[in-house]
């Protein structure tokens, strides 16, 4: 059915964006965990679900773990859930009340800005 | 809505890589009926969680096993059963998961039943109400 | 074995301190029947887990609520239902527990059903087989 | 029905024994957690379930947490499950396979000896 992909992009100011495309579940979670780990070297990171059609609790577990690791080391972490996010994505976030536990943005721009509040170290 | 009994039967090896396959087969089965999009999405999420549990927990230690999925419409209900022939339902203090699978299933379904199947294994039967 | 339908109905405030009370009431109910000791112990453990879930999860946020317990023998089966009128079944990433409650219940019972009750709340129906 | 109690006894060689009598569940778990915390100041600790008629997963959770805390700080921790332990106690330990995760002894003597392998700091 839908193709799936996990991409990692480094942005200026040392923020990483991990974008999930298509459907993700236990069969791709090891790859996801590896990519999330690479991203934690950055000052801030964003997980972009705006083109994610499906995630389940296995994927959610990986996101929660990544968020906790980032928090523990004082790094910024944000989630993007947009119009292109599938119904299952919205549903599982709603059911688990995860938007209360981690910062969720509707667009990548906002999430990036939040994950890097002080560009080049200069407070705004 | 169809009043006849329409069925899907599917058996795959209990491997993570087969989980999308099961989900797509069930999606295809649902496509033949006029299911609201949100409900179809809930069904696919619940089926995925049940299959993930089989892959992660049912055949611990033993090298291989299968996931059996059956789905049928009976009047205004959709019933999907996910079966394994594993070691039987058992709590795990060392579970790799966050313990969200069963609660997610229970939250998405109209009714969920968990029961052992002789001689060994577990059946998870999920019912979804098609009435609005 | 008794072939008639014998019932227990019990409603208590959803508070931790009432959990032993429920367990003792069910123990008393079981005493009237010739249940193997191990099975009786399994029943009391499963009932305790279901009540703990009500106290910990069902009425989150709202100040008060009740646990309703009913038990009945029907031929060679014992069925115990634990009901709450809470917010409905929902997964919690911030659960204070280890996520062992439901798996323990599923492992101890012959069949467990979880379903929402209108207008809100959850019913957990546990069935134990009395056949050896 | 049965009376319940939680007792804390300090033994020579700096081992603490926390004994649970009767039935324990969510209604006594806060007290149990508090007593277990007091006991963690000792070099070794033993949780004695040999007169415990009932525990559930809430109690088990407190025991697992106590065991983890002890392990993380290099302290010894052991469980006693004996003939006087109730059927539910044996059952929940068996179901969860907990005896594989933590040291379980049939008698207090053995558990104490194991929790203090080198009396007065002299290796045997």
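Read from first to last, the chains carry the letters A, B, C and D; within each, the first residue is number 1.
The working rule: a residue touches a chain if its C-beta (ideal position, glycine included) is under 8 Å from a C-beta of that chain, and two chains touch if they have at least 3 such contacts.
What you see is a predicted model, and the numbers here were worked out from it, not measured in a lab.
Between the chain pairs A-C and C-D, more C-beta pairs are in contact across C-D. Mean C-alpha position of subunit A lies 41 Å from that of subunit D. One simple way to say how far apart two chains are is to compare their mean CA positions; for subunit A and subunit B this gives 27 Å. Taken residue by residue, subunit D touches two or more other chains at 57, 64, 95-96, whereas all remaining positions touch fewer.
Annotation for subunit C: residues 90-93, 98, 100, 104, 107 touch two or more other chains. If you sketch which chains touch which, the pattern fits none of the simple shapes: not an open path, not a single ring, not a star, and not all-to-all.
Touching pairs of chains, sorted by label, consist of A-B, A-C, B-C, B-D, C-D.
Taken together, the subunit C residues at the contact with subunit D in this complex read 16-20, 23-24, 27, 37-38, 41-42, 44-45, 48-49, 52, 55-56, 97-98, 100-101, 104, 107-108.
By the touch criterion given at the top, residues 88-93, 95, 98-100, 102-104, 106-107, 109-116, 122 of subunit C touch subunit B in their complex. Residues 90-94 of subunit B are the ones touching subunit D in the complex.
Residues 57, 64, 95-98, 101 of subunit D touch subunit B in their complex. The residues of subunit A lying in touch with subunit B in their complex are 1, 23, 25-27, 29, 54, 56-58, 60-61, 64, 86-88, 91-92, 95-96.
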